[in-house]
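Structures given as C-alpha cells follow.
In the two complexes below, subunit A is the common chain; its partner is subunit B in one and subunit C in the other.
Let's look at the complex of A and B:
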C-alpha cells in the first residue's frame, strides 16, 4: 500500500491527545451534584478558557455547551491546518455528512415553510459547503428553487434531488428526498475513496463501518413497521464493511427484532447486539442497542491510535476521541440538568 | 325588607314556602352527594393519569436530554423542521346530573416511524424515541385536559350546590321560620285582643242589659 508521511501532523496530534480527559474525570463528574461543580471540574481541563468565556455570555448550561463546541471547533480547525492537502481532502470527506445534514435542514425548512432565520439557526457550522452558499439556498422560496440553485452551482447533491423532485411534487413525501441525499453521500464518498493508499483505506473503513451500523439500526427500527422485505430494501445502503448487499437482502426478510438479533449473532456485531438486546428487554428502547453499536464503532475508530503511526490513523482516531469526549461531557451536563439517575447517564456514556 | 302581612293566608303561604325550601334543600343535598360521588370517581382517574403524565414527562425529558447531548441540538432542530402535523380533537358535550361537561374524542397523536416525515437513515433511534415519548405525553395531556375540565365543572357545580344548600339552611329557612313565628305571634296576639274585646263588649252589653232591667224594675215599682 502507498503511504504518505504525516509525521509532523501526527506528532502534534499526539501532543493534543495527551490533553484528552481520562475515564477517572468522567467517574468524578458522575458523582457531582450540579452543573456548577462540573464547571469547576472543567477548570482543570483544556476547555477552561472557552467554557468560561461562553458561560459569562450565555449562562451555565448553554455556556458550557457552547464552550465545548467552540473548543472542539478550534481543535478541528487546528488539525485541518497542520495536516497536508491529501489528508485534508480525506478528513473533509468525513465532514461531508454535515453538508448532507445542512441540506436536509434547508429542505425540511422549505417543506414546512419555516422562516429563513429559523432555518439558518438550525444549520451546523461544519462541512464543506460555505455559509454563504447555505444562506443563499435558504433564501429560495421552495424546495424546487433550492434544488434548481444547487444544480446551477453544480453542487453534486443536486443530482439525486433532481431525480426525486418529480415524485416529491406528487406525494410531498420529504423522506424520499432526504434518503436520496443519504444514499448519494455514501455512494459518492465510497466512489471518491478508491486507491491503494493506507490513508484512503482507513477512511473507507470508518465510512463502511458507519454504513453497517446505519443498516443494522434501519432493519431493527423497521421491524416495528410491518413492511414487506422489498420495501425494507429501499431504506438500506450498499457498501457496508461486514454486511454486503446479499446479506442485507436476507436480513430484510426477517420480520421480528429478536430474530434479527439471532440472524446477526455470528457477525462481528453479534456480541454487541446481544448485550444491547438484554438492555432493550429492560427498557424497550432501540436506542440502547444503537448506543452499544456506536460504542463499538467509536472504540474501533479510537483504536486507530494504535494503527500505523505514520498514517492518517492518528488524526482519525483523535477526531473520534475528541468528538466522543464532547458528547460524553454533554451527556453529563444534560443528564445533571434534568436530574437523570446516574445509572442512566452511565449507560449513555461511551468511555474508551 | 319584605313587607310582612300578619294574616292567616300569609301564614299558610310562608309555611308552604318552608316546606318547599326543605324539599329543595333535600333535593340539592342529594344532588351534591351524587356529584361528589362522580367527582371522586373522576378524581381517582385524574390522579392516575397525572401520575402517568409525570412519568411520561420524566421519560421524555430524559430522552430529549440524551438526544440533545449525543445528536446535538442542531440535528434535533433540523429534524423538528421535517415533522409537521395537526392534532384533530372533537369536542362534544354530555351531562352529569344536569351539569354540562365536555367529551373529547381524539385520534392518537403517536405516529409510526415512517410517517413522521424524516428519512430514518441519518436520524438516530434516539430522536425517534424523543418524538415517540413526546407524542405519548401529548396524548395524555389532551386526555387529562378533558377530564380536568370535567372535574372543574363538577367542582364548581358542587360548590354552587353547597352554597345553595347552605343558603336554604342558614338564611332562607331561618327567615321563613322567624316570619312564621312573627305572623303566628301577631295572629295569636290579635286573637287574644279579639277575645279581650269581645269579653269587654259582652261585659258592657251585660252591664247595659243589667241597667235596663234595673230601670224597668224601678219604673214598674
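Let's look at the complex of A and C:
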C-alpha cells in the first residue's frame, strides 16, 4: 500500500507555523503596560481580524479572548479541511482530548455554580464538539441537565456520565464523573488506533504519553489523600506508554508522595517529576507539579515538528503549538488585566 | 534485431525519465500549491522548483538521442 502523501497539508501547515508568535513577541508583550498596548501588538499577528471584530462587540478583555478563540478555532477547522480523510480521522481522535477537557470544564462550572460566561471563557478553542453545542451545555441549570442534553443529542460521552450520575447525586464527588470521561476517551481512542502506519503510531505515542502523565498525577493526588491501594487502582487508566498496569499497581502500593517520586526517579518522567516536586516544596501549591507535567507533554508534542516531515507529525505539533500559544496569550492578558508582575506571568507561560 | 533493441532502449529511456519527472512534479506541485495557498509571495520560487524535475526528462531525451545515433 502506498504511504499517504501529506505534502499539500504539510506545506500549508509549515507556512502557518511561520505565523506562530516567537518568544521575543511574548517578551515584548510582557513589558507592555495594559491591554490596549497588547491589542496594538496583536495587530501585527494572525489574530488581528478576529480580535478587532470581537473587541468591537464585547470590549477589551472579553473581546481579545473571544478573538483568540475564534481565530484558533478557524485555524483548526482549516487544518481539518485540508488534510486527507485518514489523517482527519486521526486528528479528530486527538482533538477529542479537548472535548473531554471542555466537558470537564462545564461539569466543574456547574458543580460550583459558576456563571455561563465564566464557563465559556474557560473553554479551549479546540475539539470536535461545536461551540454552539458547548454553549448550550453551559446554559443548563445543573450537571444532570448537561448530561441529559448530551444524551438527547447522542453525544457519545453521555454514556459514561449517565452511568456515574447516580453516584454523583449521592456523594457529589465530581472526580468520578471526570474519571469516567477520561476512561471512556482513552479506551475508545486506543481501540481506534489499530494499525501499523507511522501516522497511527505517532498519534498512539501522543495519547499513551498522556495516559502515563494522567496516571502519575492521579497517583500523586490520591497518595496525598491517603487512599488505600485498591481504591487508587480504580482511578488508574490502562494503556500507558512507559508505565504498564503491573508497574501502576506497584506504584499504587506506595503510601507516601515522597516515596512515589523516588519510585518514579528512574522512569523517563523522573527528572520532570523531581523538578515539579522541588517547586511544590517551595510554593506549597500542588498545581505546580501538574503544570510541570503539562509542560512536558506540550514540549514533547511540539518537538514533533522535527519528526518525519512526510507524516502527520507536523500537523500534530502545529495544533499543540497553536493551542499553547493561545493559552500563553490568555495567561498574559489575564495577568496584565490584574496588574500581575511580569516575572510571575512569565513563570506561568510555556515558551517552547 | 539489434536495431529493434536499440529502439526499445531509446523508448525506455524517455518513458522512465518521463515517469520519474511526473512523479517528482506531482509531489512538488502538491506541496507547492499548499505553500502558495498560505503564502502567495512564494509563487515564483515554487514555479522554479516545479520546473526543476524537467531536467530529468531532458537527460532521458539526450540518452535516447545518443542511442538513436548508434542505429
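One rule holds in what follows: the second predicted complex is superposed on the first by the 268 of 352 C-alpha atoms of A that agree within 3 Å, B and C clash if a C-alpha of one lies under 4 Å from a C-alpha of the other, contacts with A are read in each partner's own complex, and residues count from 1 in each chain.
Throughout what follows, contacts are C-beta pairs under 8 Å (C-beta built on N, C-alpha and C of every residue); 3 or more make two chains touch, one makes a residue touch a chain.
Every value quoted in this text rests on a predicted model; they were computed, and no experiment measured them.
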Subunit B versus subunit C as contact partner of A:22, first or second or both or neither: neither
First (subunit B), second (subunit C), both or neither touched by A:82: second
Partner chain in contact with A:108 - subunit B first, subunit C second, else both or neither: first
Touched partner set for A:338, first subunit B, second subunit C, both or neither: first
Partner with the higher number of touched subunit A residues, subunit C or subunit B: B
Partner chain in contact with A:10 - subunit B first, subunit C second, else both or neither: second
Touched partner set for A:217, first subunit B, second subunit C, both or neither: first
Contact residues of subunit A, present in both the subunit B and the subunit C interface: none
Parts of subunit A lying in touch with subunit B, wherever the complex brings them together: 65, 97, 100-101, 104-105, 108-109, 111-112, 114, 118-119, 121-124, 174-176, 178-179, 181-183, 214, 217-218, 220-222, 224-225, 235, 237, 285-287, 289-291, 327, 330-331, 333-335, 337-338, 340, 344, 348
Touching residues (chain side subunit B, partner subunit A) in the complex: 61-66, 68-70, 72-75, 77-79, 81-82, 84, 112-114, 117-122, 124-126, 128-129
In the complex, subunit A residues that touch subunit C: 5, 7-12, 14-16, 18, 82
Subunit C residues touching subunit A - in the complex, by the definition given at the top: 27, 30-35, 37-39, 42
